[in-house]
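Both of the next two complexes hold subunit A, though its partner changes from subunit B to subunit C.
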Partner chain A sequence: MAHIPDGVLSLPVLAAATLAGAGGLALGVRQLGDRDIPRTALLAAVFFIASSLAVPLGPTSVHLLLGGLIGLMLGWKAFPAIFVGLLLQALLFGFGGLTVLGVDLLNMALPGVLLAMAVRPFVRAGRPAQAAALAGGAGALSVLITAGLVGLEIALSEPSFAPAIGVMALAYLPLAGIEALVTAFVTLYLLKVKPEMIGASAFIGSSP
Partner chain B sequence: MIRRLASILAALAFLVLPAEAHRLKLFAQVTGGTIAGYAFYIGGGRPEGADILVATPDGNEIGRLKTGTDGGFSFTPPQPGRYRLTLAAGDGHFANLDISTDGAPAVASPTRAAPSASALPGDFDARIAQAVDAAVARQIRPLLEAYDAAEGRVRFNDLVGGLGWIAGLAGLWAWFRSRRSGHGN
Partner chain C sequence: MATDVTYAEAPVSPLDRLDTRTRIVVAVALVLALVSLRSWMLLGTAILLGLALTMLAGVSPRQTVRRLLHVEGFLLILFVALPLLTSLPPFIEVGPLSLSVPGLERAVTLVLRISAAALVVLPLVSGLTPIRLGHALGRFGLPARLVQVFLFSIRYIELLRAEARRLHDAMRLRGFRPATNLHTLKSYGHFIGQLLVRAVERAERVDEAMRCRGFAGRFPLVTLERLGLVDFVAAALTALLVSTALLMDRL
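Coming up: the complex of A and B.
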């Protein structure tokens, strides 16, 4: 859904978005400490599986993106995780082009990372309902922002191919709802079982 | 432990579901100089009212059309040759297809098909060739359709292979880190 193929974007759009994606990737890799490797790899696997499998829904079919959840669990390290998932999807399945990898990375990682950054201070183990609602909202909103970014990039490159707003909304609203539910439930579960996974109690964990 | 086992089983059950790729594709066939076909999502659904751009391989635009109900379209290019169809489904999905209408000898041009009612011997041959072309196209159509649908399917093997790659990359990264910082000795 959000995988743009080769040859659609114009050079300025491609260059700008690729640079931004590479910047995020560099930031994420710099933050990647020894102890973060297993968690990052786990979420790369989750992203790879979840966004490879599409379920038929009405006239089209949708797949999860999980940008909000990954952003919440990894912060900027979501960039390397999603990059690996996207690279494998492009090589194994031909989802999205190799030349637009940086653009796809930006579209799928950035909304989740920024939204998670905004809600993380309010995600606390003591208030699970509030935490789940906020996480779910971030998940849904990140899907819509990803869709908006894809639409904007295509519109800037090739105005005649600009996606129709109505069709976009119809295609992405159900996905946003599903994504909100999945993110909320995973957040609830993690708050009970392992709250430090979503940064809810970093002050209780290993760091001071 | 039991909970962990249950979650692994649930994950496996999810994997066993029919795994469909989410990809837009174009299916088209040439009969008598006319390109006809339809657009479809692997995994279900056909885009209606999507734009199709017909161009020559070097990028000159020949025409534009819209898919009808069930994603179908048909187009007769002004002369036989190679064409590139680009489909934009309106929700950010694209598909490309290269097709050649000059593969069929002698009869490809639709302008020649019209006066062929006269019973000249040469025309008779052309009519037979045209009829055979149409019959072959009709016969192999289901085969081509099945192949197109199968080509984009996500296979379980590929998914598991991808997971293996991720595990390997994580191991590689951890190994590099351990060499650099020297701990682990």
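Coming up: the complex of A and C.
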């Protein structure tokens, strides 16, 4: 649902959001050292696979976005990782448009990156329960902000849509709840199994 | 789907004679032009053109229909809501609901536009394999590191998908059945966590192997693709088509 099809957004909205997405991508690529390449690629692969997991929700199922978790593990390098995922989804499954790639990238990467930046110090320092709760909160909130961005872009492109956006936003609430719990459980698991992987910004960060 | 990730023996279509870069540029140019079109007749023509391209590229009708359904599904809620909730002047009022003509018209324009865009992009992009796309990105001048992350991901998605399958089989053998409950979410959380751990451990080994071989930030991008006469003809045709359509729309 977070993928916008081609042809919906007006040119000014498309241009502005694509520029912003490209800016984030450039920032992320600048932080990529030679030694980050395999890590970023492998984490991108995991997130690609995890996002194709169908989580049952009543009679239907939803797909995870995992923006908060990606932000937490990769920082700005979430942009290149999500870019790779979006390209492959567009190519292999036909999800999302071609001209809106930059926009989708912005919508899915930015909320997680910024929220993770805010909670990372506490996740690193805190007790497991606190870390999991914060990570889960960031996960849920990043879904809602992604939904908000999608809605905003559509409303700006076609102002008469604005009243319908609220209806669409409701559809994201259950996903936000599911993301919160899954992100929290992943965080708890990583804290137990490989604590250096979560929260420590230096983990993926520095190249020698 | 699993095997196309690393290499798909894509059937050869006439469109394959074009350079990958040309295909992407043409697709983007056509969609950008579609966004500015308002005339239903022109949008209809674009849909026909898209259908012709789809047939030329040999995309199966099933794939085309699936793609269209996916795209329209996105806006289903909006389509239902638009004529009912729009702030434009109402047409018919039934209690609190009002059906507005301008709202309906915009909804129709949007359906036409989105369908046309999907039909134009599908044939130009669907035959591409990920590796071809990765190399084209490199030749577009995208940062080498980004292209490397993309090409590495293609490779490791395949491997990690096999890991994911094993983990999933193990879960099923222990009687796991996904449902709407906390246990499912917890299991999926651990599943994703374990995949992440394995991925990072593998990344460490890959990194060591790369350093052993003296990786210095560069891989050669091997490709046989060259910009040829066909590409210039395609580009010229696209430019002509786009400018004619935009002119006719304004008149």
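Everything below uses one rule, namely that the second predicted complex is superposed on the first by the 180 of 208 C-alpha atoms of A that agree within 3 Å, B and C clash if a C-alpha of one lies under 4 Å from a C-alpha of the other, contacts with A are read in each partner's own complex, and residues count from 1 in each chain.
Everything that follows uses one rule, which is that contacts are C-beta pairs under 8 Å (C-beta built on N, C-alpha and C of every residue); 3 or more make two chains touch, one makes a residue touch a chain.
Treat the numbers as computed from the prediction; the structure is a model and nothing was measured.
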item	value
Which superposed partner A:Val62 touches (first subunit B, second subunit C, both, neither)	first
Subunit B versus subunit C as contact partner of A:Leu53, first or second or both or neither	both
Subunit B versus subunit C as contact partner of A:Leu181, first or second or both or neither	second
More subunit A residues in contact - subunit B or subunit C	C
First, second, both or neither for A:Gly151, with subunit B first and subunit C second	first
Which of subunit B and subunit C A:Ala118 touches, first, second, both or neither	neither
Which of subunit B and subunit C A:Gly94 touches, first, second, both or neither	both
Subunit B versus subunit C as contact partner of A:Met168, first or second or both or neither	both
Partner chain(s) touched by A:Leu11 [first = subunit B, second = subunit C, both, neither]	second
Partner chain(s) touched by A:Lys194 [first = subunit B, second = subunit C, both, neither]	second
Residues on subunit A lying within both footprints (that of subunit B and that of subunit C)	1, 4-5, 7-8, 32, 34, 37-38, 40-41, 44-45, 48-49, 53-56, 58, 84-85, 88, 92, 94-95, 154, 160-161, 163-164, 167-168, 171
Subunit C residues within the subunit A interface of the complex	1, 4-5, 24, 27-28, 31-32, 34-36, 63, 66-67, 70-71, 74-75, 77-78, 81-82, 85-88, 102-103, 106, 110, 113-114, 116-118, 121-122, 125-126, 128, 130, 133, 143, 145-146, 148-150, 152-157, 159-161, 164, 178-180, 182, 184-186, 188-197, 199-200, 202-203, 206-207, 210-211, 215-217
Subunit A - residues contacting subunit C, complex	1, 3-11, 14, 25, 29, 32, 34-35, 37-46, 48-50, 53-58, 66, 69, 73, 80-81, 83-85, 87-88, 90-92, 94-95, 97-99, 154, 158-164, 167-168, 171, 178, 181-186, 188-190, 193-194, 197
Complex contacts: residues of subunit A adjacent to subunit B	1-2, 4-5, 7-8, 32, 34, 37-38, 40-41, 44-45, 48-49, 52-56, 58-63, 84-85, 88-89, 92-95, 147, 150-151, 154, 160-161, 163-164, 167-168, 171-172
Of all residues in subunit B, those that touch subunit A in their complex	14-15, 17, 19-23, 41, 43-48, 51, 88-96, 152, 154, 158-159, 161-163, 165-167, 169-170, 173-174, 177-178, 181
